[in-house]
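To start, the structure itself, in structure tokens.
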Amino acid sequence: MPYVNIKITREGATPEQKAELIRGTTQLLVDVLGKNPRTTVVVIDEVDTDNWGIGGETVTVLRQQG
Amino acid sequence: MPYVNIKITREGATPEQKAELIRGTTQLLVDVLGKNPRTTVVVIDEVDTDNWGIGGETVTVLRQQG
Amino acid sequence: MPYVNIKITREGATPEQKAELIRGTTQLLVDVLGKNPRTTVVVIDEVDTDNWGIGGETVTVLRQQG
Amino acid sequence: MPYVNIKITREGATPEQKAELIRGTTQLLVDVLGKNPRTTVVVIDEVDTDNWGIGGETVTVLRQQG
Amino acid sequence: MPYVNIKITREGATPEQKAELIRGTTQLLVDVLGKNPRTTVVVIDEVDTDNWGIGGETVTVLRQQG
Amino acid sequence: MPYVNIKITREGATPEQKAELIRGTTQLLVDVLGKNPRTTVVVIDEVDTDNWGIGGETVTVLRQQG
């Protein structure tokens, strides 16, 4: 019955990659805690690089600085 | 003063339905806990079906399987 | 398949009141959007009044001011 | 290492304003708690006014009422 | 730079199991999306069974019903 | 009307420090975006170091390694 929220920057993750994150996270909860996969929910949020900051800078700026 | 976050898949909820969720949730907190509706906040997130997983599968795939 | 997170201050909500919030929210999603209640998840977070602010003040201070 | 999530209505915040929120929040955590800014993450969610409710009404409706 | 929040019921997960969830989730984001593990944050919330509902019932009640 | 959630590790933040985070964050939203402080909500979550991971390690382990 776990609920997992994964937040990543919106930089081109494909539907296949997102499906793999969902599959992998669900399996991890089965393997580590014996959780029921049927009621395990995983929600992925993709966030614009203007809206994500680390070290006080937006990712937009960090990407430009290389 | 409660804060409520409702996450649903983005599958065509109308503005009227979303207004009804906001009204209903706020009223529930008044009725059950006597909360002040004026500072009760409800935020609805609509999530793409590619980004929502249950049972290790994306909702996109589950909808295709019917 | 919705996921709902309700945040309230920790000020003595009883198990019965919390069960009523869970029941009511789940029913609301059935009534308004036709969601499947069996996979609808509701999580309630109770937050210390020192850790909740509104209007720039903690709820602890607001309660003292009456 | 803190994580901050700021939710605002989507009503035209500019990239500069969002960068300022990220910078200011990160600095606040340095000043108040001595946190390491390099691993401080700030994520801003902009939410449609149809999806944000306060006082049981959507912000869309509240804006129309002035 | 991803942020992951895992919510589970508070039912005795050990520090080792939680460390394994953190390790596994971080590795998954490296493997699937090539994310930098050094800035990948995972936060686990353990929620009382009275505060977690599924199917309109608290987990406390569901556990009693077996 | 913004909502801000600040997550920090539970390592002894005082009520005064938490009040300062709430005051500072609220003021930042007034200064940068002209938001109404009276409906600005700030919630602080303090998370056990066993439940917070960065770089694939729990903060408990990182603190031991100095």
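In this document, chain identifiers A, B, C, D, E and F correspond to the written order of the chains, with residue numbering beginning at 1 in each.
Operating definition for what follows: contacts are C-beta pairs under 8 Å (C-beta built on N, C-alpha and C of every residue); 3 or more make two chains touch, one makes a residue touch a chain.
Only a predicted model underlies this, so the values are computations on that prediction, with no experimental measurement involved.
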For this session: Determine the shortest chain-contact distance, in steps, between chain A and chain E.
Result: 1
Seminar exercise, completed: Any chain touching chain B and chain F at once appears in the list C, D
Problem set entry | From the options B-C, A-C or B-F, the pair that copies A-E, where over half of the contact pairs coincide | B-C
Exercise. Greatest Cα-centroid separation from chain D: which chain?
Worked result: E
Seminar exercise, completed: Chain centres computed over CA atoms; the one at greatest distance from chain C is chain A
Exercise. Once you find the CA centre of chain D and the CA centre of chain E, what distance in Å lies between them?
Worked result: 25
Seminar exercise, completed: Between chain E and chain F, the Cα-mean centres are separated in Å by 20
Problem set entry | Residues of chain E whose C-beta touches two or more other chains | 1, 3, 7, 25, 39, 41, 43, 45, 52, 54
Exercise. What graph shape do the protein chains here make by touch: line, ring, star, complete or other?
Worked result: other
Exercise. When you check every pair of chains, which ones turn out to touch?
Worked result: A-B, A-C, A-D, A-E, B-C, B-D, B-F, C-E, C-F, D-E, D-F, E-F
Exercise. Within the complex, which stretch of chain E touches chain F?
Worked result: 15, 18-19, 22-23, 25-27, 37-46
Exercise. For chain E, which residues count as touching chain C in their complex?
Worked result: 7, 45, 47, 50-58, 60-61
Exercise. In the complex of these two chains, what residues of chain C are touching chain A?
Worked result: 1, 3, 39, 41, 43
Problem set entry | Complex interface listing, chain D residues touching chain F | 1-9, 13, 17, 20-21, 24-25, 28-29, 31-33, 35, 39, 52, 54, 59
